[in-house]
Amino acid sequence: MTTSSPALELRRVNKWFGAVHANKDISLSVGRGTIHGIIGENGAGKSTLMSIVYGFYQADEGEILVNGSPYQIDNPQASIAAGIGMVHQHFMLVDTFTVLENIILGVEGSARLAGGLEHARAELARLEKEYSLEVDVDAVVGDLPVGIRQRVEILKALYRGAEILILDEPTGVLTPQEADHLFRILNTLREQGKTVILITHKLREIMAITDNVSVMRRGEMVAHVATKDTDREKLAELMVGRSVLLRVEKDDAQPAETVMSMRHVRYLDRDGVSRLKDINLDIKAGEILGIAGVSGNGQSELMEILGGTLRPSEGQIIYKGEDITNSANFNARDLRKIGLGHVPEDRHRSGLVLSFSAYENTILGYHDRPEYNKGTTLDNSSMIAHCEKHIEKFDVRPTDPTLKASGFSGGNQQKLVLAREMEQDPDILLVGQPTRGVDIGAIEFIHQQLIQMRDAGKAILVVSVEIDEVMSLADRIAVMFDGAIVGELDAKDATETKLGLMMAGVKEGVEA
Amino acid sequence: EDFKPAIIFDMGGKFDKSFNEAGYNGAEAFKKETGIEYMEFEVTQVSQREQAMKRMARKDASIIVAMGFAQANAVEKAAKANPDKKFTIIDMVVDLPNVQSIIFKEHEGSFLVGMAAAMKSQTGKVGFIGGMDIPLIRKFALGYEEGAKYANKDVEVFQNMTGTTPAAWNDPTKGGELAKSQFDRGADVVFAAAGGTGTGVYQAAKDNGKFAIGVDSNQNYLHPGTMLTSMTKRVDVAVQEAFMSAKDGTWQPGIKVLGLKEEGVGFAVDEHNKDLITPEMTAKLEQARADIIAGKIKVTDYMSK
Amino acid sequence: MEYFEIFVLLMDATLRVATPLVLAAMAGMFSERSGIVDIGLEGKMLGAAFAAAAVAYVTGSAWLGLLGGIAVSMALSGLHAYACVTHNGNQVVSGMAINIVVAGLTPTLAFAWFRQGGQTPALTGDDRFSSLTLPFAEAVRDIPVIGYTYAELISGHNILVYIAAAAVPICAYILYRTRFGLRVRAVGENPHAVDTAGIVVSHLRYQALMVTGFLCGIAGSYLSTAHGAAFIRDMTAGKGYLALAALIFGKWRPVPTMFACLLFAFTDALQARLQGVDLPLVGAIPVQFIQALPYVLTVLLLAGFVGKAIPPKAIGEPYIKER
Amino acid sequence: MSDTSVKFGSPAKVPAWVNLVLVPLVNLLAAFLLSGVVILIIGDNPLQAMEVLIYGAFGYEEALGYTLYYTTNFIFTGLAVAIAFHCGLFNIGAEGQAMIGGLGVGLVALYLDVLPFALVVPIAILAAALFGGFWAAVPAYLQAKRGSHIVITTIMFNFIAASVLTYLLVEVLIAPGGQSPESREFAEHTWLPFFHNFLPLPETPLNISFIFALLLCVGFYYLMWHTRWGYEIRVTGQNETAAKYAGISPARNIILAMIISGALAGFVGVNEILGVHHRLILEFTGGFGFVGIAVALMGRNHPVGIFLAALLFGALYQGGSELAFEMKNINREMVIVIQGLIILFSGALEHMFRPTIENFFKKRSSSAAVEA
């Protein structure tokens, strides 16, 4: 091994999934002690490539060199031995285990756990200090917020002695504060001479932290550039193959009547924990109301109540001037009938039935609509026709309505859900995390669609953990913290700092 | 021309260690004596009963023996459909001109072993373990209880049934536990009429130093010293005779009731248990046997209660 | 004192009946915790019961019989693993297939080898595990309560009962305090996490199923060479399913599962003693309803107290990372 | 329980008949081969055994009648288990539901036989559905509202059903003066017509329940894939959170699916009690409920597959009994072994040969594509 050789080098790597050529002749070189970004549209092959490096998948052709010497990486064990660690896009943690148990899994040390656990506890204390990665090692992972889970993943890699750390879309689920913290950690890692590979859809992050960036499109590597020699527009164009608008272009809102409001709404969960505290909110036609906040501060419950799947413990829900709190109509099914659309925060968990075809997902929540039924029978041809229309209008790829939902990429799944809810032409649309995990080309499109709806006089509520998104999309912003709304402000007055403070629980106007 | 006897065993299968196996033994004895092969079938599904009879009729069986009360309906149908064929059913009456029904007075045999149990018991408590709570088993139980009470009017008789599914006939573990529960309550002699479940009962008696009474065939050999006696029900003889008489041409339709008098039921004394049955007991048992045959003792038949 | 003695005897029966359930449920725990549904406990027990009785009879040693039972049960478990892990087969179907094949094969072989109508010959003496009298059991019998309990309830079981009793803490230890247990628990929750941690999922599941086979082998051997004294066809009589129910009842955790087994066994022992007994107020209940008591009680308990049982998350799903 | 194998991967480019016909055939062949080895060991001729099995199942009209009669039961229980699977539930209690369904049939036939055929039969069928449905509804309710695991409760309900039926037959419904635990024979006008009543066929238990079963297959397909109710049940089974999000009540659908499941299982009572035995008896369910699990899984929870799997099991039951009858060394236990092996190879090990076979065809098709 020579000091000048790159930490990781890929030569002409190829990977097929059946007929899909997911990685075509990929070559890549990552210098030691650098942060290397990889960007690309949904389905471009980024995760696949990194899974190959990690030994989770095997390349069909090609070579992998670690520190200049060829390495046969055909299982994660080999890559761990080669000093590679990976934080997967979907976390690879056992929810029912404690942090400590998760970390030692696979490197327990001895047949008895006790010794391994003690050793790990001491070692983790050291790592935590060195990289300021505080976690409660005895907490059960399932109870932790995503940001902390990610730290656990990073600790897991470091504990295994990773010199090269791969992160696949690490900020997709993080709040800005959490993301900032992550970047500080990554910087520390770089200072310590570790190598980081970062996959992300957020060009801002690429510009802010990487040394070099590689761009993938449709399974191919289309460019390698030094970050300092490029900018966001150029990268976006490389990625999508055309120029992309990175800002939302919109006129001023014309707010009209209030469509839905919440009055003194409280919600106690099954364990009696107060999740929503005295929420008052008006959602107006012709306006996009954005809810900003660190995830886990009550947004999910808020969405569920407005969507009719949860009942408030106290307070009123007023819909089109009528108090529906205690009406029989206050449920997800009937709310849809009277004009509510709902794009849930988590498309996998609730927005889609992954094992159903796209067209069967087209009617989820609307399956009793006359247009999908002939008498008692579901009208498959009508379902397919509607789905085809959605696919065309929202540019979903692939264009096959009979393909299972699980076969679409996350971005395209998101478009399917959005299409379903928007094409019903609701009077009010609730949208949770509209663009999570979605590439910039699709973000542009989704944002345009939302603005168009607003301009058509619909009421829209957007919940997002992306400050950027809320700021550029919303006309009015409410910030949630600890189950309460800490403040509301006009989008024009919003700045990142202001919002950031409010999201941390500091009341509006009270400067820290 | 060819003589082709046939026998259809019921659900328990021909090796059920009791009723069906006795029939099997009878058929085997016939084969040994005459060298004539017989057709056989073991039923596993309710509707196979009738089907098996049809098959055998089609194969030109000279006589078809159906084992067990559950086959009555099938015999009835098959006998009507094949009026020229001979049928013998064991344990049930089917009143047709080409059917011979052989039934046993199990209550009489049970009465005697009940007496034996009560006389042997030190504790004045004896037990009965049946397979399933159905009339046939109650017939055993009632005879047993009457016998026990006859020998000792203060005797306490515990009764247990194994289960409600077909598994009840093949659950020695449960049988053993039921026996132990009766031992715990003070019983020191148990009588099992529960098919394969019985083996567990006998084993438990042996393990706990108590006495057990076998059923259907002579099971004394299973655990010499533990098996007090067996309530024999000579199904083997009945089957063998049915075959034999059909061969000789002496087979007669109608009802044959086999009780103590006909030696169709009884209790077994052999080299394995002769030390357990005292002369005094033998005397009383023989007296009771004579009284029952003479009609001096009336044993209640559960079926005609 | 009278009632106390009845109670002790009842508990004594409970222990005997619970033993195969506990062993089989612990066996099922390893399989299911590793993410493999095992409704084949029944077949494995039956196969082991046959093998144990056959080997014990032929060799004259109960211990060799036990080894034989374990070997057969582990082989069947290996078959289950081959179908479910290597070939991603449907786990329920595989378990059922094993149950059915064994139900047919054991009497066939028994008949071929012993000519006793699908049974093995009765075992006596050393062919069988006999009761052990613990030290001082007889000496302390007359000490009220404690001594009696010791002599009746604690002492006087065969070795496999004590093994079953020890199996619970041992299994709990393995599951919660060892590397193997950690990995088994992990793979049943999230096999992807295990795979990315550099552990081969299939090997791990094979290992877990071997433990299942081992424990199930003891359970089956108990039936034919300890509790009973011969193999009889279908002698498991649904105990495998009951063990599975206990496992779910106990939420896949060792100690609650053991209590579920004890509960099933207790109601069974109780039911034997309630048949034909005049109960206060209601009189003698028809025997069929007494027999249904354990099942009714289970349903009531489940509905009333136990709450939702959350199974290992990855259970029943073959692990396929790429196709 | 769902077909997870296709969850992650690109569609295999092999001709459909390979997966639908060739692979199952190879699996069956493997099962027969291994059975043949066992038969050889016990000293019989495997080829002859195979011939007897197939001839015994399909070779003559009477055999076919019996095969289809068993098939009828397996269709009922297979569909029953399948609909529960579609709702994400494992109904292991079809056996007990069939028993109670039969009880319903029996009660109607015994006590409402003053009514004419045209009334009493539909009422009896309805009773089968209601009784079976009720027996499934209780565990379903407990699952939906109390979270009691349905696998345990349905197992328990099997035992309880057996107790109830035995009690009633021994104490209450037993034919007056009868000696075995069965009811009196039903009035003849309540019997379902046998096939041999209206077709020139030999006498077999095959009755019009078979046609009813076929209709139910069609109905099942229609219900599951072409109605809102089926859609709701499938959504509930696949993703409960999505169901709630879509305004579909999981509890309601769990109960609904189980009631339908229990009703389907209850129809075993129609075939057996009203169609064949014409009296209420014990043990008429004969394990059909348990085999229904294998039927549903092998049939991929789809009515066409369930029909084929039911036919396979029907053939195994009938051919198997013929085998036990005709072959000297083959007894009923051997038949069970053969059945088990078939379930093992065509069910549990169904993927064993698939990759090899698929690769063979994939290579051929891709090389053909290159040439083209």
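For reference, chains read A, B, C and D in written order, and residue numbers begin at 1 within each chain.
Heads up, the rule we're going with is that a residue touches a chain if its C-beta (ideal position, glycine included) is under 8 Å from a C-beta of that chain, and two chains touch if they have at least 3 such contacts.
Being a predicted model, the structure only gives us computed values, none of them experimental.
Any chain touching chain C that also touches chain D appears here: A, B. The two chains most heavily joined by C-beta contacts are C-D. A separation of 46 Å divides the Cα centre of chain A from that of chain C.
Chain A and chain D, compared by their mean Cα positions, are separated by 45 Å.
Chain C has its Cα centroid 34 Å from the Cα centroid of chain B.
Chain centres here are Cα means. That of chain B falls 36 Å from that of chain D. Along chain C, residues 107, 111, 118, 233, 288, 291-292, 321-323 each make contact with two or more other chains. In chain A, the residues touching two or more other chains are 17-18.
Chain contacts: chain D has residues 7-10, 159, 163, 166-167, 170, 331 touching two or more partner chains.
By the definition given earlier, chain contacts exist for A-C, A-D, B-C, B-D, C-D.
Residues 6, 9-10, 12-13, 16-17, 20, 107, 111, 116-119, 122, 131, 223, 227-230, 232-235, 237-239, 268-269, 272-273, 275-276, 287-288, 291-292 of chain C are the ones touching chain B in the complex. In the complex of the two chains, the chain D residues touching chain A come out as 2, 6-13, 222, 225-228, 231-232, 234-235, 238-239, 241-242, 244-248.
Looking at the complex, you find that chain B touches chain C at residues 13-17, 21, 133, 158-161, 163-164, 167, 170-174, 176-178, 180-181, 184-185, 196, 199-200, 203, 207, 222-223.
Residues 17-20, 307-309, 331-336, 342, 344, 349-356, 360, 363-365, 367-368, 373, 376-378, 380, 404, 406 of chain A are the ones touching chain D in the complex.
Within the complex, the chain A residues that touch chain C are 17-18, 54, 56-57, 75-77, 80, 86, 88, 90, 92-97, 101-102, 104-114, 116, 156.
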